[in-house]
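Note that the chains take the letters A, B, C, D, E, F, G and H in the order they are written out, and that residue 1 is the start of every chain.
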Amino acid sequence: MDPAKLRTLLDSVRQGQLDVDAAIGQLRDLPYSDLGYAMVDHHRALRQGVPEVIFGEGKTTEQILGIARAIVDHGATCFITRIDDDKAKRVLEVFPDARHAQLARCVTIARSPIAKKGTGTVAVIAAGTSDLPVAEEACETLAALGREHVRLYDVGVSGIHRLLMKREVLATASVLIVVAGMEGALPSVVGGLTDRPVIGVPTSVGYGAALGGLTPLAAMLTSCASGVTVVNIDNGFGAAFAAARMDR
Amino acid sequence: MDPAKLRTLLDSVRQGQLDVDAAIGQLRDLPYSDLGYAMVDHHRALRQGVPEVIFGEGKTTEQILGIARAIVDHGATCFITRIDDDKAKRVLEVFPDARHAQLARCVTIARSPIAKKGTGTVAVIAAGTSDLPVAEEACETLAALGREHVRLYDVGVSGIHRLLMKREVLATASVLIVVAGMEGALPSVVGGLTDRPVIGVPTSVGYGAALGGLTPLAAMLTSCASGVTVVNIDNGFGAAFAAARMDR
Amino acid sequence: MDPAKLRTLLDSVRQGQLDVDAAIGQLRDLPYSDLGYAMVDHHRALRQGVPEVIFGEGKTTEQILGIARAIVDHGATCFITRIDDDKAKRVLEVFPDARHAQLARCVTIARSPIAKKGTGTVAVIAAGTSDLPVAEEACETLAALGREHVRLYDVGVSGIHRLLMKREVLATASVLIVVAGMEGALPSVVGGLTDRPVIGVPTSVGYGAALGGLTPLAAMLTSCASGVTVVNIDNGFGAAFAAARMDR
Amino acid sequence: MDPAKLRTLLDSVRQGQLDVDAAIGQLRDLPYSDLGYAMVDHHRALRQGVPEVIFGEGKTTEQILGIARAIVDHGATCFITRIDDDKAKRVLEVFPDARHAQLARCVTIARSPIAKKGTGTVAVIAAGTSDLPVAEEACETLAALGREHVRLYDVGVSGIHRLLMKREVLATASVLIVVAGMEGALPSVVGGLTDRPVIGVPTSVGYGAALGGLTPLAAMLTSCASGVTVVNIDNGFGAAFAAARMDR
Amino acid sequence: MDPAKLRTLLDSVRQGQLDVDAAIGQLRDLPYSDLGYAMVDHHRALRQGVPEVIFGEGKTTEQILGIARAIVDHGATCFITRIDDDKAKRVLEVFPDARHAQLARCVTIARSPIAKKGTGTVAVIAAGTSDLPVAEEACETLAALGREHVRLYDVGVSGIHRLLMKREVLATASVLIVVAGMEGALPSVVGGLTDRPVIGVPTSVGYGAALGGLTPLAAMLTSCASGVTVVNIDNGFGAAFAAARMDR
Amino acid sequence: MDPAKLRTLLDSVRQGQLDVDAAIGQLRDLPYSDLGYAMVDHHRALRQGVPEVIFGEGKTTEQILGIARAIVDHGATCFITRIDDDKAKRVLEVFPDARHAQLARCVTIARSPIAKKGTGTVAVIAAGTSDLPVAEEACETLAALGREHVRLYDVGVSGIHRLLMKREVLATASVLIVVAGMEGALPSVVGGLTDRPVIGVPTSVGYGAALGGLTPLAAMLTSCASGVTVVNIDNGFGAAFAAARMDR
Amino acid sequence: MDPAKLRTLLDSVRQGQLDVDAAIGQLRDLPYSDLGYAMVDHHRALRQGVPEVIFGEGKTTEQILGIARAIVDHGATCFITRIDDDKAKRVLEVFPDARHAQLARCVTIARSPIAKKGTGTVAVIAAGTSDLPVAEEACETLAALGREHVRLYDVGVSGIHRLLMKREVLATASVLIVVAGMEGALPSVVGGLTDRPVIGVPTSVGYGAALGGLTPLAAMLTSCASGVTVVNIDNGFGAAFAAARMDR
Amino acid sequence: MDPAKLRTLLDSVRQGQLDVDAAIGQLRDLPYSDLGYAMVDHHRALRQGVPEVIFGEGKTTEQILGIARAIVDHGATCFITRIDDDKAKRVLEVFPDARHAQLARCVTIARSPIAKKGTGTVAVIAAGTSDLPVAEEACETLAALGREHVRLYDVGVSGIHRLLMKREVLATASVLIVVAGMEGALPSVVGGLTDRPVIGVPTSVGYGAALGGLTPLAAMLTSCASGVTVVNIDNGFGAAFAAARMDR
């Protein structure tokens, strides 16, 4: 319940148009309708300008399409992550203007151009070519959130010069998303080369002692570079969303 | 080697004052002296205005004092974390103007006032009273880094109203550091109540299935609130440093 | 051996119809036949009024049908969990009056109406839509056990108002089954909003640091809300059975 | 804000004694003051009749005494868990009428007799003598919560007859708290001998593959007896609190 | 090199038929050829009367057939474990007299009857029906090793009377192989009911906290019954082989 | 209730000295008194000739002495494991004829000579000198159980010849207890050199990746030698008890 | 930038052909172009004579072919690891002169003979036949790196004589690569029989407590033989590459 | 038995001085006495010129002194690792010419100068100051083994220039021992800057997600630099011993 509606209710009480018991009834749920940040998710989406997100994994094509239609009908941008090729193809048949980023496993359905937000450029840095699906998920999310971003790929620490040659990017990005599997060392090196926020994204790339991504995850959490923060394994979406929180 | 020195060198070559072989010799280490971000750490510290940090755990009082003296002699602010009461007492005997934050286990030796930085106020939120040492480490670090901050303590999720009564703080802080042990649920709830950057700090508070903090760590990494980032267990320092990166 | 049979035996000894050695032989297995709670499982089922349960996972269609026939022939209600669509279809061909709850992966074969039991209503609460199969397994089990129940879905902690709007349900349910994956924070919040028994059911929803459900499991076990109990990952059946134990 | 106060406020508005803007101001925080379950914890404690609980581990004697005084001054019963002998001795010096249960590591400060609650008797069952501290913590908690309880100790599964001789207790208790370390098998056997609620409490008793209690914890969670629920390792308090939720 | 051959060699040296250098050359490898227990595995097999064993998992049908032919050609009994239905069918086409135990996933190719060995009867005890493949692997192995054995199935601890009714078997078996998944409690109960050797075999039956069999494995290792020994998860073969070592 | 007493009871019924209701009453608890294996543990001990065992760890000196007195008063042999030097000294003051094996951390109080049992000699084999406390615990237990045993120490696999020189011992022992920490490889080598029962005992010797004994434990469980069984980490007592079960 | 180019640049400055600002511009990236070890990977490959390596797992046939063409076009040898049969077949269609080692899952495309390097022979030792794919990957890698190597297969520790008969190989190899799954004991035994470098390669062979190779990995790391080093699970390539570093 | 002794024996047989049965008796243990590498460890030590090593952890001062005396009496060099200050002081009282490296926790007792071995210089590289005890243990071991070595300390990857300035050392060392805790990234960077053997030594430096060294251990095992090998956590001794194997 917004202030205007509350004023109307109270005016009605004052003017005797609404008796006290009825007002108590109406105010009963006021705490929650009055919170404002709440209600249904697409309200928040519309208000904040962020797209509605569908996590596609484990959902049927029908479920995805159903949610997507509800979002698009509300005029919001719909952004689908973790969607495989077959389901994406079906979504594109229904929404021919949707954009499918195959490597990133994302589909964006935007009826109107996505407004640019943020004041800088987010750098998305990936250690190896196997990390690209996660890095691209971050890029697609940043695009859906209206954030400028730049890619810096295949700059793993065993060939440290490749990273050093790009140190201008590291120094000037508004936020740095650093994607790495295996030993997950890249955020530590990057963190030492910039004073900007660094978000580590461990990936499940690797085998054996890589433990499905737990090793780079733990490695990034114990980074010797101060002030590196970390998101879940393979969570390119989460890193991009966090970057958007940082560059409002 | 800064541009001015490089110009001087090249001028000397052009004017025949320095022969080519000698110039090659001098340029040999140029890559690294030219990088600028490098050399000894207190140079970086002085230039960036961040204090020199000593991680006190596992260091003897003598080692801590030795490093502290070197830092203070260079005119930098010295900030010591994870220092126990006995060692802190000795440090204060040597540096009577140092400030000891006992609960936070930190000592700050600042010969000149710490300049204010950043544009907003960082909120430090703690779930329970047992989490306070970690939360206070974050506060002390923010103070040493010149960042405004506000405390919001004992607002664990099993008494959710305590948090909800403070939602203005959540909505307006520049960054939110959320400290919680046990099930580590607080960042998820906070992340749903604000669009600002949220940094989760798991603590080793708890026993049994808390696994020394691994449970809240994993819980925060799998938060259902989008865009929460996480630092290592009990790492209040790292969270504050990350917050400073975010609010430059 | 029930008391009546024991009396008959002893009478026979007294009257000299049975000699002492023969009586010793017959009493040999008395401890166990006398226990009463034992024998074959459908005896217990019939006596206690609970249905016979078949855990379908890892059983062939033939095995499931064979056991189901034996149960139904004894006049008991047969309740099958973790049964996939193909096997369920075959069961329905044989038992056309069976009920298949597809999302819950359960089949109920009840030749007579299931008697209502318990004194209250069990609330089944789920954090996200991906948790619904587990929540529905709980609901189907409650139905098979004759317990009233109410659903409260999609009330995850990152949108805390959705849960708060339903606090009457939380306060009045006889038992609350709280289903959540990822960080598993929901039972902590629910536990703080009610003084009724709360059973946490972690789910395998999530990836990476969710560790296949171990993270919400550990999180629920370390809940900051006092008196929350927990069952195995994805064990909607077990939670419902426990709720039935609590609301006899 | 309770309904009576809300009526007064609205009456004031109707009668023109309070203008609309002032009423909006007063209603601003109504959601949370109106929730009722909230505010400070001892309010809840007094209203629900449960004692205030202090988790003693990691708190100094001064902190424990400070909190205890605040509770006792409010007229509530104070119950302290995980308190070692030295601290307990100090508490008893300050509160000479307090009761110290040494094995249970609990202190109860009750200025008035604790009212009996619940309708039945809770059975506290322990596998071995090493599990007694945890079992006794449960008993002390039950006493503080006003619940009748009975002890059944040293009935581990490797001497199964000891348990079987007590099957009447198992069959008639309102709730069964089953405490076991090592392989944690006791709740499975107990769960098969009763249809009452069974709460498993794994203990850290054992070495090597007992993994500090993780093995009995996991074993109880995978119990082959349907409907057993589990609390954290060594959490006798939590089990008793859960039993009190079940036997209101 | 056996003693007879060594005597011949030394005689040749003494008689001057073999010079010292040649003898040194021949004796060079004597340590190992003289050990006797060594050489190729089917020698050991033939001598000890145990069949040659092929672990079928991860081997192609061709590899299995090749090894089987070599064994059978040497006159030994060939015993294949962990072989799936398709491969077993192919083996039976080539060896029509082979015996395929489908549930046990074993094939036995014995050209001559397997001689009885051992002095007693090994009891193979299984907690639930899902544990039968592992229990049957043990039975098939015992058969191939010529050991008498008896089955005792579906005697899990949540229905303890079923086990107690069979206590004569427990008391008189030469060795007891106890197969159980989930919480793995059965060996503890059995170990308390007999003074014979008890071998626990954890199975991968279960889900979630059963951790693929690690939970019953750890539970059996921490059994409160003294003197229970344990083999690897699902290792029915190893348990039977160990039983044969015990009952020579 | 033993057969003689049962006969007396039934005779009394037959002769009319005991009426049927009274007999039913007396037979009520017959199952358990009739089981024979049950009642109090020292009954079993006396009957089977095994000593009463006290696990000393975590027990106070008073508790140990109390239990020891009860055992000795019953005429049984008392065997205490995991007892530290201070407590052992106190026990010896009370029982001057007790024997303290310091390295094994065991005390034996035997008022009469321990009768020899078993048909062979148990070999206790240890990989390194750090494993000796566990190996000696096994030896002391074997002595208390009346089993012949022989020590074979410091024969780790990195000096394989030391073991090979003792292969006669390996071939002729009735049971082999093989104690090893670190990589736990010794049981695999021993298992290949004998056809007798081999019991692996992993120890907590080692650091880092030895994981407190979990690594040798897992290594022994996956031994490439068929039919090796395993007990818990550092469980020399359990291995010896298992050996006694095997060599009855 | 190599010294020659740097001299040319400085000569140009001296002779006034290049002004100072332009020289500063050209020297800007000198640190990294001057490092020499850097640039693109095939430069390093060509210079050091090592082949370019493609890790085939997770790459499409098109990606593999694209990278392979680029390498071959540069005149370098292309070595592909972890490539399945179908993809290898396609590669051989495009590069008919390529060599496919099926068991090793490797393809080598060498347009010119690979030059022999190193001074000795690397021994590749495998415990069981299931370890051969990993051992063969090591052999293929050694071949691609121009290193002599010898195979020693099926010499697991449960048949220790098989290894001892080959002790000359162990004593004379330049480096020993020891491949073993299950309990991973072989490197310990080998390390005690040679003073040459020993590289342990754990494999994922085994089940249950083998933990997908983590058990032999941890076992090798805690080897009682001094100076054994270890690579990741199944990493035959890495072991061979390390051997080549050791035998330059 | 060495070849000379074998020749003597055979000559005696030939000349009739030793009859065949006696010769068989003497040859009985030949395999093992003939192996040469065997017998007691100090024989090997003396022959290979490596010192006898005592792992001091968990040994009493008396045990250490006893072994040390035996070694020194045989004329060998005695090298003690993991010895704390108090025990070292006692050793120095007995062996006044011993050398105690306090930070390395090592004592060396060399009655004669240690001969130089190897052809190059081993680089010992440490990431942070907390890693120095482990690095120094490696240095002391190298000294005891007669290997030249050079230290390169405090070159962690978050200040990458510090390492790059020393790239000559990396390129020219015979072997590189790289010591790092926390995220353990240093070996990956070093491995990319040299073609020499790189041995990673993870340390237990760090907290929380560092998991006592398991994180850098796993990180090093999954290094993106090819051919890095790894030793156990904190195992500076093992790394140095491996380096000595590599640089014979």
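Everything that follows uses one rule, which is that a residue touches a chain if its C-beta (ideal position, glycine included) is under 8 Å from a C-beta of that chain, and two chains touch if they have at least 3 such contacts.
Computed from a prediction, not measured in an experiment: that's the story for all the values here.
A.B. asks: Which chains are in contact with both subunit C and subunit D?
C.D. replies: Chains touching both subunit C and subunit D: A, B, E, F.
A.B. asks: Same or different for subunit C and subunit F, where same means more than half of the interface numbers show up on both copies?
C.D. replies: Interface between subunit C and subunit F is built from largely the same residues.
A.B. asks: Using only Cα atoms, superpose subunit A on subunit F and state the rotation angle in degrees, rounded to the nearest 5.
C.D. replies: 180
A.B. asks: Could you work out which chain's C-alpha centre is the most distant one from the centre of subunit D?
C.D. replies: G
A.B. asks: Let me have the rounded angstrom distance from the C-alpha centre of subunit B over to the C-alpha centre of subunit D, please.
C.D. replies: Roughly 39 Å separates the two chain centres.
A.B. asks: Can you give the whole-Å distance between the Cα centres of subunit D and subunit G?
C.D. replies: The answer is 59 Å.
A.B. asks: Quick check: how many Å separate the C-alpha centres of subunit B and subunit C?
C.D. replies: 50
A.B. asks: Enumerate the residues of subunit A that touch no fewer than two other chains.
C.D. replies: Subunit A, residues with two or more chain partners: 31-32, 35, 37, 159, 164, 192-193, 208-210, 214, 217, 221-222, 226, 232.
A.B. asks: Sort out which chains touch which and give me every pair.
C.D. replies: Those chain pairs satisfying the definition are A-B, A-C, A-D, A-G, A-H, B-C, B-D, B-G, B-H, C-D, C-E, C-F, D-E, D-F, E-F, E-G, E-H, F-G, F-H, G-H.
A.B. asks: Which of the residues in subunit C come into contact with subunit B in the complex?
C.D. replies: Touching subunit B: residues 127-128, 156-160, 164, 182-185, 188-189, 191-193, 206, 208-211, 214-226 of subunit C.
A.B. asks: Which residues of subunit B touch subunit H once you look at their complex with the stated criterion?
C.D. replies: The contact residues of subunit B facing subunit H are 29, 31-32, 35, 37-39, 41, 57-59, 202, 204, 212-214, 217, 232-235.
A.B. asks: In the complex, go through subunit D and note every residue touching subunit A.
C.D. replies: 3, 6-7, 10-11, 13-14, 16, 20, 23-24, 27, 30-32, 34-35
A.B. asks: How about subunit D: which of its residues touch subunit F in the complex?
C.D. replies: So the residues of subunit D touching subunit F come out as 129-130, 159, 161-162, 164-165, 205, 207-210.
A.B. asks: How about subunit D: which of its residues touch subunit C in the complex?
C.D. replies: Residue list for subunit D touching subunit C: 35, 37, 48, 53, 164, 167, 171, 193, 195-199, 217, 221-222, 226-232, 237-239, 241-242, 244-246, 248.
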